[in-house]
Every structure is written in C-alpha cells, then in structure tokens.
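What follows are several structures.
First subunit A sits with subunit B, and in the next complex the same chain sits with subunit C.
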Partner chain A sequence: MRFVLTTHYGQDVNLFRHNGQRFWYALLAVSVVVAPLFLSTFYVGELVLVFIWAIAGIGLMLLVGYTGLVSLGHAAFLALGAYCHAVLLGYGVPFAVSAPVAVAFTALVGALVGIPALRMTGVYLAIATLAFERIVAYGIEHWEPVTGGLRGMSVPQPDFFGVSLADSYVLYYVSLGVLAAGLFAAANLLRSPTGRAFVAVRDSEISAESMGVHLARTKTTAFAVSAAFTGLAGVLLAHRIGYLAPDAFTVQTSIQLLLLVVVGGLGSLHGVVFGAIFVGYLPQVIALARDVLPSAVGQIPGLELGVFGLILALFLVFEPLGLYGRWLKIRSWLSLFPLYRKATHKRQKAYLRTERVQ
Partner chain B sequence: MDSNQAALFEARNLSLSFGGVRAVRDVSFEIRRGEVFSIIGPNGAGKTTVFNLINRIYDADEGTMVFNGEEMSRMPGHRVAELGITRTFQNTELFDRATVLDNLLIGRHVHRRTNIVAEFLFLPTVRRQEIAFRSYAERIIDLLDLQGSRDQMVGALPYGTRKIVEIARALCAEPELLLLDEPSSGLNPEETEDLSFWIEDISADLGVTIAMVEHDMNLVTAVSNRVMAMADGTAITTGTPAEVQDHPEVLRAYLGD
Partner chain C sequence: MEVFQLLLSGLSQGCVYGLIALGFVMIYKATEMLNFAQGDMMMLGAFVAITFVNLAGLPFFVGFLITLVVMVGFGMGLERTVIRPMIGEPPFAVLMLTIGLGFILRAVAGAIWGSGPRTLDVPFAGSVLEVGGVVLGYENLVVIGGTALLCIALWAFFRYSRIGVAMQAASQNQLAAYYCGVPVKRVTSLVWGISAAISAAAGVLVAPVMLIDPMMGFLGIKAFAAAIVGGFGSLPGAIVGGLLIGVVEQFAGLYLPAGLGEVSAFVILLVMLMARPQGIFASMQQKKV
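Showing the complex of A and B:
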C-alpha cells in the first residue's frame, strides 16, 4: 500500500497523486498512440467507436453519475450533434466552424430540456427524456428536405487541416485527442466548485440549497454540459459512420449509453472508459454468441436489447459501483493481502434522513 | 450580554400553517450579534419549522424577517447562505458519497469567484481558489478536531462524527449566523460535553452568532445567553436560561397541568 505524505494543498488539487500514477497513465497514453501502427483498419475503426462511446459517456456520467439525474434521451443529443454538423458541412461550412456550432446547439437544447427536468426526478425524468428522444427522432424522420428523412443523408467528408476524416487513422487520432481533452475537462470541472455542486445536488438537494447551491442553475448546467459532450460525440460519430439515418439513434442507443455508465461505475470517470470498452465490444460478443448458440436462442430477434437490459439489471443489483468499483476492490485486495476481510466493502446501513421538503 | 445591543436577525409575527395545522403562530424574536440563542420546547412546538422559515425552505404565511438590515422573507433559498446564514439538520444531511474534505469545500461554495469556462480549463485562478478553499477548510478541521477523518467517505463515519462534520461544513461558509438544529441528538454524554466546548469556541474564536434548537437542558444552560421557549407554535417566553426554566408556562408546557 502506498501512503502519500501531503506537504502542500497543491498536492490535493493535482489530478495525479504521485509519480506512480503519472507513469502508468503515460504508459497508457503511449500505447494508445502507437496502437494503430500494429492494428488493421478494421480494429482501428472499432477503437474509434469505443472512443466515441467514451466521449458520449462522459456526458451521461456527469448527468447520471455525478448530478443524480437520469436520462433515457441521450441518443437524441447524439443525433442532434451528428445531424447539425452534417447539415452545416453540407452547406459548405468549414469543419472548424460547424463542429463547435453543433456542440453549442446541442448544449442549448440540453439546457432547454433541463428546465422541465427541474421538477422531476427518477423514473418521471426517465420517461420525460424518453419522450424528448421520440420527438427528436420524429423531427428527423419528417424534416426530409434537411435530414433526408428515413432515407438518411451522407456526411460530407471535408479536409481537416489538410487530411481527410474519412481515413480511419486520421479519425482515430482526432477522436483520441478529443477524448483525452474531454476527460481532462471533465476531471477539471469535478475538482472545481461547479463539479462539487453537482455532487451536492445528487446527495442532498435540501442541504445543497442551504449551502448556497442554486438548484435550478446547477441542474440546467449539468444538462447543458452533458448534452454538449454527447453532441461532440455525435459530430465524430457522423464521420465514423459516414451516412446518417434515424435508425442509428434509437432508444437502444440511449440504453446502451446508460449501460455504459452503470457498468463502468456510476460516479467515476475511469468508469466511462471501462464502460465504453464494454459497450463497444458487447455487440460483437453477442454476434459471435449467436453463431455458437442453438438457433432457437441464437436467432431470436432483439436478443441484443434483452442482453443489454439483463446486464444492466444484474450490475445494479450485484455491483452498483460497476467495473471500476470492482477493480478498486481487487486492487485493495492485492494491496491488503492477507489482511483483507470479506466485510471490508460491505455497504453501510444508511441513517435516518431528514424529512424531504417538496 | 447587553440587552440594548443591535439585533443581527429579527423575526416579526411569523405564522405558518400546514393545512389545518398551525405550526407557527405569530412568533417574534431577535437574535443579537455575538450571542448564543436557544429555542427549546416539547416535540411539535414548531422549533425546527422556525429554522426552516429562516432558511427559506418554507414560505411564511405572514410576518417578516430581517437579517443585517436586509429583508429576507421572500428571498430564494440559495441566497440565504450568501447572506451569511448556514445551518445543520436534525438528522444530518451530508453528502454521503463524498469525503469529509469535499463536504467542507461545498461549504466554501458561496465564496467561489470562478466561472465554468475557467473551471473546465482549470486556469491558475481556479487552482489558487481551490488552494485557498482548502486552507480555510483546514482551519475548521483543526478547530473541530476532524483531522482523523478528513479523507474518509462521510457515509462510513459514525453518527457523532457526522454531526460534527455538518457543523464544520456550515462554518466553512464563514457565516455570521449559524443555525444548529438539535446538535446533541444522537450523541453520547461525552460527545455532548465536547459539543458545548466547541460551541463556545465557535462563538468566541470565530465570532459567529449561534442559534440552536435543543432538548438537552444541560447543554442549553451551559452555552446559551438567551433562551426562547415554544409550545404549540407560539413563543411562550424569552429570557436567560434560569428565567425560562422556572417560568410557570414553560413548566406547564413540559409537564402538563
């Protein structure tokens, strides 16, 4: 076990606690940077998808994992980012303008969705965001002149500072850069007053307000920031898939995003990456399993959605801290061995809480 | 305590009903700068409701509240902390899935001067502010002897420590008026005794005015300058602890006729 002697407050504020951490993160950074040299185009494309999932996951994690607001409508933000970007590119707007505009537009819509959300929590909020997702999908399906309706539209692939984003390798490094910057920005936010206000709203609205946290503004901010990250993922996704159609952004996408944050581990940015890898590769595992399983099971239509739901439920019941939480437990088992006790991570009984005020 | 000293907080004719229940009826009182003011009374007397009115969790049906010369009876709830009033809750309302230090840093929320763009980039202004916040939180940790639990998750702490952490969080906002809602409930006698020293320290060292709702008469007598007794939503009497304890109406409220 490592104990860090804190000698100045700056150490508490830093993202990395000690040089050991810096070393491992640097190693990870180097390995993802050189990875494409050893991988085929197919696997590079798959990794791009994982990065895009992770960027969208940051957005949903800030909302669900840190602010405690659930959303089943994030596929809509993904779609808004992707379509807005693609439509602007179609009008000849350069990438450097259309991408920020698409993100800003998604953030604005997110803030507007956040306003009715001020009065809702839990399952009601989930249903309201689900309805929002349907409205956006309906709009995309029926606004044919702009979105191409059900036929969809192809995404123009402009030059990005002299290189084409249609090239998987270029998109790989762009997405990796965006993901790294996104994780850095989110980590920064979480060690600042706004991030702590998110956590305060999640854990106790009444005491957050009594400590001076503006509930409405904090929740709207959380929605806007969350939508912005997801919209940014949408921009990259538009280039990754090259052709936008409404069936790429369905309720299933929203559930996959929720699966990502829950399986990864609510309330941790590490969990976003774990969850993205999981969600990114799960459909392939299911596809492989379909071949192996007896045809009565393997050929059931909608098997994927069922498996997603099952995994979501199992994680909520048995490992609410997700894959990252599981990893932390394994790590503490290794560092405490042989002193680890079964009850080390037993969940504590909650104390009686003050009566809620409407 | 000088009786003609200026009031820090003044409530006039506060009333609040929940449906047919008149929880607070025409209650007037003042809290003077620098004092420890206690509200006592049997269960259901409306003591916590008075705190919830001051804290703007409830809207008073009638009456006015003035803090530092500023009318606050229609102020939004989150502004109350900025004004200089923070509080603790009867059964503690901490942020369970955060460390003690993070809870205290939320206490500094009203003193933030950074915007979200600077926070995303963690500009030097944000870093300096974070370090200043930590150094203030550390002062409060020292004052209330919380060093041992500063990096622990609040959800895992024993109840007595949680009550103290909540006081620490309220103090981190540098309030002028601290509201303590039954600070000794759930504490053992030894912890209650420590609490009375801390209340004196908070009052003397930090110069914070304290108002508290409390059942433990030993604690009330030990630390209070003035006491207000309530029963059935009305204020019966206000005076020194000894005066209030011997007041016939107070005895009747507690013991019956």
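Showing the complex of A and C:
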C-alpha cells in the first residue's frame, strides 16, 4: 500500500498519482508500440478492432458511467461517423478534412438527440435512443444513392500523410494514437469543471442543480462529446472493415458497447480498455469453444449472443464494478497481503431512488 | 373498404403491442424496473404453447391454459432467482440485466425449438368472416376479442380481488403497503408471474398472424414505444398506445414510401417524447424539490 503525501493542490488533479504508476504506464506504452513487430497481420488487425472498440467505449463511458444517461443507440453514432466519413472520401475530400467533419457531424447529431433527452430520465432515454438508432438504420438502408442501401458501400482508402490506411500496421499506429489521445482527452475532461458536473448529474440531478450545475447544458455536452468519440471510432472502423453495410451497425452493436462499459467497470477509464479487450476477443474465444464443444451444443443458433447475455447478467449480479473493480480488489489483496479483509469492498445497498411523486 | 380492413389488421397488431406493453408497465409500476426481456417472454410463451398444442397434441384451449400456468411459474421463478437480488441496485443495472436475460432466452429457445420459424395450430386459422363486402380474418377478430377479454379480466382482478388491491397498494407506495401487512415480496413475485402470462397470451394470440421464431422478441421494442405513447405507468394507456401504433403502422406501410411503416412507431415515439413526454394518459409527474 502506497500513501502519497500531498503537499500541494496540483497533486489532487495529477493524471498519475506517483512514479510507480508512471513507470507501469510507460512500460505499457512501450509494449503496445513495439507489439506489431512481433505479431502477424491477423493479430494486428484484431488489436486495431480492440482499439476502435475502446475509442467508442470512451464515448459511451462518459455518457453512461460518468453522466448516468443510458443510451441504447450508440451504434447509430458509430454508423453516422463511418458513413459520413466514407461518403465524404467518396467525393474526393482528403482524409484530414473528412475525418474531423464526420466527427463534428456526429457530435452535432448527438447534441440534437440530447435535447429531447433533457426531459427524460433513465427509462425514457433508453427507449428514445433505441428509437433513434432504428430511424438512423432505416435512413441508411433506404438512402441508396448515397449509402448504397442494403448492398453497402466500399470505403475509399486515401493516403494518410503519404501512407495508405489499408495497411493494417499503419491503421494500428493511427488508432493507437487516437486511442491514447482520446484517453488523455477524456481524463482531462473528467478533472475539469465540465467533467465534475457530469459526475454531479449522475449522482443526483437535484443536488447538482442546486449547486448551480446547468442541467440542460451539461447533459447536451455529455451527449455531444460521447457522440463525437463514437463517431471517431466509426471513422476508424470504416477503414478497418473497408466495406460498410447496415448490418454492421445494429441494436446488437449498441448492446455490445453497453456490455463493454459494464464488463469493463462503470465509471472508470481503465474499464473502457478492459472492456474493449473483452468484447474484442470474446467472439474468438466462443468460436474456439464451438470447435471443442460437441456439435449439438456448438451449433446452437444465437449461442454467441446468449453467452454475451449470460456474462452480462453474471457481471451485474456478482461484480457490478466490472473487471476494473475486480482488479482493484486483486490489487488491494496483493498490497495488504496477509491482512486483506473481504469486508473492505463490501457492496452497499442503495435505496431505490424513485422518480415518482408519492 | 380497404381502410376498414387496414384498421382491423392495425388494431389486431396493436392489441399485441398493447399486451406486451401492459406486461412491462405492470412490472414498472410495481417495482420501477424496466423489463427489456418482455418481448422474449412473449416468444417463450408462444413456444411453450407450440409444445403443448402441436407436439403434445392437446386441445388448443387446454394447451393455452397450461401455457399461462407455466409462464406464471416462469415469471415468478425468474423474479425469485434473478431479479430479487437486484433490488436496491441502480435501475440501469436491472435494465442491462434484463437485456442480457433476453439474449439468454433467445439462445435457449433456439437450442430447444430450433431457429426456424414455426406456426401454432389454431382452430380458427384461415377462415374469414364477410360482413357487407369487408373481409375480416378470424385471426384478427380473435386477437382483438382475446385482448378485450384479458383486459376485462385484469381490470376485475385489480378492482375486486384482495391480491389485486394489494398489488395496487404495493405499486403506489411499497413502504406503506408493507406497514399495512401487504406481503410486498410475494406480491412483486406475482406481478412478474402475471406479466409473463400476459406476454405469453400475446404470443399465443399473435401466433396465427405471424410466424414464431426465437427472434420475434424484437417486437417488444415497439411495445416500448406503445407504453411511452400511452403514458408510462398507465395500464389503459399501454393498450391505447399499442392500438395507436398498430394502426398508424398499417396505414404508414401502405400510403408512405416503402419501409416507413417499420419505423413509424419510433417516429411517433420521438415526436411524442418531444411534444408530450408524459404520454396520453399522464400518470407520473416529475419529481420536484
């Protein structure tokens, strides 16, 4: 157990608490930078997908984990980012312009979705975002001249400052850079007044409002920022999959994103990365398990989603803090070794906070 | 005449949305939990009915009654094992849990009954009734009639039976109900059971009109729209919202560009949320300080 002696206020907002953390994060950074040198193209491609999941996950984590607004429609933002970028590239717009435009467009749509969301609490919001997702999916399927409809459209592969993004090694470093920048930006946002306002709104809207937090503005900002991150992930995803079709962005994708956030651990940026690794690799583990299992079990239709659902349910019941929460427990077990007590991390039951007038 | 037929098929479709909406409005009122697996409970109910009617060869109405009993048991068991430990957790966690449950139910149904579409053998399938040039399918009439009967039965249950009144009490104020000697836990369990049975009834009623497959639970998404349009937390509102969405969907499907019928429910929902978020039958107010 390490105690940091706080001697000036700046230490409270430092990104890293002490040098030990700096060392481990630097080691992690070095290892992900050199990793492609030792990996085959296939695994590099899979890692790219994990990075993209993580970038989208930052967006959803800011909304769900920090602002307490539930969205079942984040696949729509992913799709908007991807399609907007691909369509602009198709018109010959250079990458350096089309990517920011796609992100800005997604953020704008996010803010617009956020406006009706201001009047809604959890339940309504979940369903409204779900409805929004269906409408966007409808638009993509039927606006054929632009989006290619159900047939889909291929993504032009532009030059990214002289190198092609079609190369998965290039895409690896680009998405790694974007992820690192995104995590840094999110961490910065969360220690700024805006980020503190997010958390205040999550914990209690009424007390946040009493303390002078502008509810409408905070929620709209949260939606816009969240949509922007997810749109950015969409831009990269367009290059990763190379061919956009509506079936890549369904309700299932939204739910996978929620799974990422919940399994990773609500309310932590570490959780985003843990969750992304989980969501990125689970389908492969299931595919491997299918080969091993007897065919009667392995051939069940919808097995993959069933396993997703099961894991989601198990996490919610037994470890609501997700993988990051589990890691915190392991870490404190290690640092307190013979003295660890189970009660340290005992879950406290909260009373139901009703939305109704009694 | 075409209008009349559209209206009829819209109403019968709307009845199904309404019934599913009724199921989760009940749960929401009693426990403030949102059950995303309601549509999948409908799917499960339809498959259970297939098992008893098609495979076991029981008469339709006997099979239907057994299905209802089985689903009441299923709902209560689900509440007891999975939902009750979640009391006191944030609403979001329960929402996610029921989404997960929905996936599990789909996979389980796929494993037991296969993923191919099936039809339920019903005695009234395919026959039509002609009244003054309007062709009315019996299936549609049965859906509407069945929903009406079910609503009357539920109304009587809540109005006159002891346990029904206890449920109303528990849903209005859990703590006060508890003080008055209402066994809130058991009542909640029963609410889940009845809600599962209602959605099973919806599944059986819809069976002649559409094919049954493990993915039919997605219908539940439109039922959410129905519940919100009707005013979340209002039981008659759920049915009215369902009817409204069912009818609009049919008309939009015919008179508007292709595919718009599919999303019209969601458009209505978003418009409703912006214009009148409390729904047609407002029953809940925003909490004020």
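Following the convention adopted for this analysis, the second predicted complex is superposed on the first by the 348 of 358 C-alpha atoms of A that agree within 3 Å, B and C clash if a C-alpha of one lies under 4 Å from a C-alpha of the other, contacts with A are read in each partner's own complex, and residues count from 1 in each chain.
We adopt the following convention: a residue touches a chain if its C-beta (ideal position, glycine included) is under 8 Å from a C-beta of that chain, and two chains touch if they have at least 3 such contacts.
Note that the structure is a prediction, hence the values are computed from the model and not measured.
Shared-chain residue A:64: touches subunit C; no touch with subunit B. In the superposed model, C is the one of subunit B and subunit C that contacts more residues of subunit A.
Of the two partner chains placed around the shared chain by superposition, subunit C is the only one that A:131 touches, whereas subunit B remains out of contact. Once the two complexes are laid over each other on the shared chain, residue contacts for A:214 go to subunit B alone; subunit C is not touched. Of the two partner chains, subunit B and subunit C are each touched by A:206. In the superposition on chain A, A:308 makes contact with subunit C only, not with subunit B.
Applying the stated contact rule after C-alpha superposition, one finds that A:144 touches neither subunit B nor subunit C. When the two structures are aligned on the shared chain, A:159 is found in touch with neither subunit B nor subunit C. On subunit A, the surface touched by subunit B in one complex and the surface touched by subunit C in the other have residues 206, 210, 350-352, 354, 357 in common.
Interface of subunit B with subunit A (complex): residues 52, 55, 57-58, 76-82, 86-87, 89-98, 101-102, 105-110, 112, 114, 116, 119-122, 126-127, 129-131, 134-135, 138, 155-156, 159, 162, 169-170, 173.
Residue ranges on subunit A touching subunit B, taken from their complex, read 9-10, 12-13, 185, 188-189, 191-197, 199-200, 202-204, 206-215, 221, 225, 267, 348, 350-354, 357. Listed in rising order, the residues of subunit A touching subunit C in the complex are 64, 68, 70, 116, 119-120, 122-124, 126-128, 130-132, 134-135, 138, 141-142, 206, 210, 251, 255, 258, 262, 300-303, 305-313, 316-317, 320, 349-352, 354-358. By the touch rule above, subunit C contacts subunit A in their complex via residues 28, 32, 34, 82, 85-93, 95-97, 99-104, 106-108, 110-111, 114-115, 172-173, 214, 218, 221, 224-225, 228, 232-233, 257-260, 262-263, 265-267, 269-270, 273-274, 277, 284-289.
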